[in-house]
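One structure, pasted below without further comment.
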């Protein structure tokens, strides 16, 4: 699949890995542009649900990265995260998710090079694996009784002033 | 519908060289909820900031996203600008399209695409963001110092000298700690008591210091700026307000043969006593377990001879509650003993040394007392068993320390230096004696330290044998020390008159219990943990509590004094303002849905989470829920990831924000 | 009388599939039998009552109502094209399942016409089959049906001892189905019918029960029988007559789908108001609603009982709540 | 010791044993109600249909005399203490009939501050096993109708109960079907595992019986009922179903005591306990933790060790 | 297994020495167990455990030897009783290593073509006597108390070391031998060299070292006033018994030194005893069996070098 550009989502802590990625930038290191970074205060804040959701929303690979053990700005967040993700990995593996798509790493604020290495490796690995089909397919799967074929009938644009106001007030 | 303004920065050419900023700005304009977007050469410049402020006013913006460099660079700048434009600063975010994009990619097309995605992502974050108000916490400008050794004394004096009130609590009848026990100090060999006692007197006389000796910490409530500490005043049996310190009671006490703790059990003291002559305060206490009056009800001599009538056999333990804003923990250390350890102790004793059954095997602190002019031998080196002057003394370093098989893997840091000092003191006092030292390494990093050690070896004739001792046993009046010299590669056997062990420096007994009261963390050796090994070496993870001295880990006197002053400086910084202002990125509990499983409390490294009772109007308990003390919360969010029902939420990083960001991918 | 052999019944399915009709019948899916689209006659499984009722044929577990997307300043809404719903034949539903549309039609075509339900209903033919199985949870006779009730069926099959089925075309739809596949059916007297199984719960006086319910909105009975309910939706979801649903927008505020899916009165958030107030705040009130709805309110409004006595809820209840036992208890009340 | 070799090979447990347990429970329940030690006892009453039982809170001596224990007493009653009958704990001490597997839930709930030991009077049952789902309910428990979880029971002695009813000392040595199935799934190629679970989860109708019957799903606001933000789609479609079951397994990791109620009540026969069991196995291997053996201060995912395994982290 | 209710019974791994140079240890062990009515069933087809040189030469081989022996032992009911301290050490060490190291375990299991039995309890005779049989019961069973016999209980280096492996007693300050001696009515002496190595590893390659080390042990026992030494290891027995005369010749003069001095005369030198009397060396089982009233003829006193009979006669124990 030569044209496949994997979608990589990175959940990183602000103190170590985000700063490490900044360092990679200030050092003008180069890495694949496929990664989208979401900043968290700490890996301890990262809920497994986020990873699940990222896969559901089309990520082909997910990276979770934080401070090395003992370096956590909040003392123990990464230790808790480590246990949480050890368990979550086992669960994903058990239901048949390829763990090659989920990478965990410790990247400190001084490890710009390691950030580049981790991101590059994951991107290239996922590139050779191809798109992640499992969750994406699931997103579009329907029960037989829904008659999925019926979706996409006639459309209308709702833009009466009242409706517009109502919709605008939502978000 | 939100009205967000997106400002895309060129950063000169730093961004615009690889990212088509105009296209990014245009794409941003089409994101639902974005009311304004533009690009500008230098957003961080004054004109850039004015542009931002103007746009906020003109377009009635309710959120700001600056797509520029790393937030670590300019987040503060733009939040300030946003605030001055009349918006809550936390409604301003930065999209990092420089460090994370233009600087690391060359393909203009892909970099532009990525920058657009980053902007989209961050717009969602702004859209779901909330206004946050900074948190203020009132500060009680009064400090508590726990422990009256050199660390506590130094910290108390520094804080008191800065004009703040200090409560100093010491467990023993007198302050002074271990330093008061020492004979002379390395690397200058000046007399410990000569430099220590004036400081002790300063403490006693300082108008800002309230000194509680023979007292312990019973309970600690509250949080930074607002601690309520209950202090238990153990019954002294002597009324401090009446006692003049004349000492008649001590001379008249019929029970005089009690081993003196201050002399490591080698001198004697009466049942009513001060630990040592220069004690501060100079008020005696009655050791009830050894007092005839308390044990059999018959005696009462001290009360009879006490002129002011200060002796009070009826005195009870009493309690006071102290309001303080900061706490300095300076509880010091104890020495490892080679005795058989209780079964539940993870630390092993030394069976090969006979588990402490050989009387002339002593520890370093005992040697200090033997060498001290005020000690039980008047400064003469005489061995405990028969009072003879030892002619062959074997010193063994690293007893317990750096011995993983004994359960302790750390270096006790001070032993190399004090053993060298001991050989010198011994050589000065017993000219025809020979000192041998078994050592693993000589660790002497410190000003003048290595010179000092070299002096012991080269000028004071101590024989240093690199190797460890495998066994020692009593043979007649000698102690046979069997060891190895690994440099020569032979077994060594020495018949010694006295063996001095440089036993490991350990955390005080009960250090863990005190830590639990304070809510601070400790390592597996019960040494207190600093918040950050490099950058916060005196702060505890629990805000408002600071560490000084060997309670944090083995330390010598100069290091201890430095850290004590550092802790004092931290306290003074805290006391410099009337109110403590904190970043509002803290967790909050949704009390309606919290079911009180307290998983959050279990994972909170800051001890910021408490149990709160919810009661109905009749006062019946409805349920218990978690409560986050915003003054203490560190803002890591581990609690939220742990909470099964997401009834606790970290402001600034809410699930709604994060989910919206993931959704936009 | 018209007769169809078992083989021909299966052949009929094959033919219908060829005609591009959606043929739905009991089929082994994993370890459970469910109503699912059949791709061949051999898949039809008639020896067990499917775990879920056949109502999902007309009232799916979950269906899209519309999708929306914000484009520029306006919201673009796209409807579901109901004309694409396929022609459907349901084969092999026992009376307790086949009978459910005849109950539900009333509410679905009441003041609000449920286009989704009605469109599916219009395009479907139901081939019912007399029930010769049954266990101690069955009580169709007690609620006015019977193992050979033809209510709701367009074509009704009665199993005969020689393995063939006697056929009765109840409606025009049924006649049309037979007419279109004449060669599969034969005229004849047929063998003896397979006898029915006795039911533990025989006959209930539904009028008396309704009257008691009318007078006992507040009664200690509710707490006694329903406080052990753990509040799941198992009973409602597998019930052929329960038809409560919830509507949810899924996706973001800018792009998503509006979906309708099953709801259950057992859920704590059932009838939860936007204000946070819930008139049925405790489990027994919710359970009372279940009984009231089935045996009083629905009858009040549509003259029908909202229960076919299939016994699924009795078998599935995690805590053993037994609706037949409750009805018997009420039936036996003197006041 | 070769413990397995000493187990019985004969598996049939006769009604007489259950009758003896029933007698013991009744005696104890009557006693504690009479003495007003408790305000009520959560136990089992017989159901209308033969070989069924239903949970009940009995508050009078007359009712207590009707309590039973039989192979039909499948429910884990501890669920009532955190949910439906939570209120009764406010009135005073409550008695509860608990099998060994149910006791694990009680211990877990104590760990999580949901219950206090002193609020409970636990009538432990020395349980030789209960019925599986959809089996013949003959009154006699045999290898043919015993529940899958009971085949591998390790906790049939109710350790830590106030009293224990029954004496059955040893369990039969039965094929560990569930362990075998888990091994089978673990041995599958990854894609086949995904297909296995996808097939099962696609059947899910989100009736929430698994959640409602779980002693540990005591949240008042389930994450999966939340719609701002909607972390897990609430509609019963394959996507949301997968997410829901993964999130639930994750939330139960380190807490689930293995009562397998979720699996028992699933009207769609989804083997949910396998997920929980897999997590339990992982946590046992990684952190040597087993849930529910006794109340503990912190569960395995609420604590850490500095030298925890991190071989999976780069 | 509930002690007291059921007859104690063990599988038994004698090891090579007990079938050869240490035969008297084997016969006395069997005699003692018979006298105590404790079952002892020899493991079929057992072979050498590889002690003590194998693990220095080929770790995998030494682990595999022991693992195979353990799996053989699995075929016999009861915990595995071991008399030889070296075999005991190797078997326990193997279990310990293989439990900790999954990779090695796999290699070993491949080599022995079967599972390694890591949970079979391996028990030394000492712990069987002191703990499982029990000191109180042992004392009760004594028919002929060893009154007046001053015994130096010699542990050697393997019985309690390394600290985490044998689980026998305190690693550096054990008391199990002394406890048993007291139960038998003997008088254990307090002495310094009970934990020192006799040099068994070097017995063939560097006998000089052995002579030095064993001499120090004998001397220390003499100084403490012991009549004899008690051992629980055939290798220790070999060195102390067989080489005793050789040692006497090598270190005949009282001023010969045990160890070289490294700083010339600066370092003091350990003294030697004036009287260099012969010290009979007993196996624990010999003394225990004697106390249980087993006939001395069946305890192998004839096959040792230093004849213990004069001493026993002197103490009126024969």
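Note that the chains are named A, B, C, D and E in the order they appear, and that numbering of residues resets to 1 at the start of each chain.
Just so it is clear, a residue touches a chain if its C-beta (ideal position, glycine included) is under 8 Å from a C-beta of that chain, and two chains touch if they have at least 3 such contacts.
Note that the structure is a prediction, hence the values are computed from the model and not measured.
Trainee: I need the common contact partners of chain A and chain B, sorted by label.
Mentor: C, D
Trainee: What is the chain whose Cα centre is as far as it gets from that of chain C?
Mentor: E
Trainee: Determine, using the mean of C-alpha atoms as each chain's centre, which chain is farthest from chain A.
Mentor: Relative to chain A, the chain whose C-alpha centre sits farthest away is E.
Trainee: Using only alpha carbons, which chain's centroid is the nearest to the whole structure's centroid?
Mentor: Centre-most chain by C-alpha means: D.
Trainee: When A-C is set beside B-D, which has more C-beta pairs in contact?
Mentor: Pair with more contacting C-beta pairs, A-C versus B-D: A-C.
Trainee: Nearest whole angstrom, what separates the Cα centre of chain B from the Cα centre of chain D?
Mentor: 45
Trainee: At what distance in angstrom does the C-alpha mean of chain E lie from that of chain B?
Mentor: Computed from C-alpha means, the inter-chain centre distance equals 50 Å.
Trainee: Just the number, please: Cα centre separation of chain C and chain D in whole Å.
Mentor: Centre-to-centre distance between chain C and chain D: 32 Å.
Trainee: Where the CA atoms of chain A average out and where those of chain D average out, how many Å apart are those spots?
Mentor: The answer is 35 Å.
Trainee: Of all residues in chain B, which are in touch with two or more distinct other chains?
Mentor: Within chain B, the residues that touch at least two other chains are 32, 603, 642, 655, 658-660, 663.
Trainee: Using the touch rule from the top of the page, what residues of chain D touch 2 or more other chains?
Mentor: 223, 230-231, 236-237, 301-303
Trainee: Can you list the chain C residues in contact with two or more other chains?
Mentor: 61-62, 70, 254
Trainee: State which pairs of chains touch, listing all of them.
Mentor: Chain pairs that touch: A-B, A-C, A-D, B-C, B-D, B-E, C-D.
Trainee: Looking at the complex, which residues from chain B come into contact with chain A?
Mentor: Within the complex, chain B contacts chain A at residues 1-2, 32-33, 70-72, 96, 98-101, 103-107, 110-111, 113-114, 117-118, 121, 127, 521, 529, 531-533, 541, 585, 603, 605-606, 634-638, 640-642, 650, 652-653, 655, 658-659, 661-663, 665.
Trainee: For a test of understanding, state which residues of chain D touch chain C in their complex under the given definition.
Mentor: 47-50, 52-57, 75, 79-80, 83-85, 199-200, 203, 205-209, 211-213, 225, 227, 230, 233-237, 240, 261, 264-265, 267-269
Trainee: So in the complex, which bits of chain B are touching chain D?
Mentor: Result: residues 590, 592-593, 595-599, 602-603, 620-621, 624, 642, 644-647, 655-656, 658-660 of chain B touch chain D.
Trainee: Would you pull the chain B residues touching chain E in the complex into a rising list?
Mentor: Against chain E, the touching part of chain B is residues 340, 348, 350-352, 354-355, 392, 405, 434, 463, 471, 473, 475, 478, 480, 485, 488, 490-495.
Trainee: Give the list of chain A residues in touch with chain D in this complex.
Mentor: Where chain A meets chain D, its residues are 47-49, 52-53, 56, 69-70, 76, 79-80, 82-99, 103-106, 118, 134-135, 138-139, 141-143.
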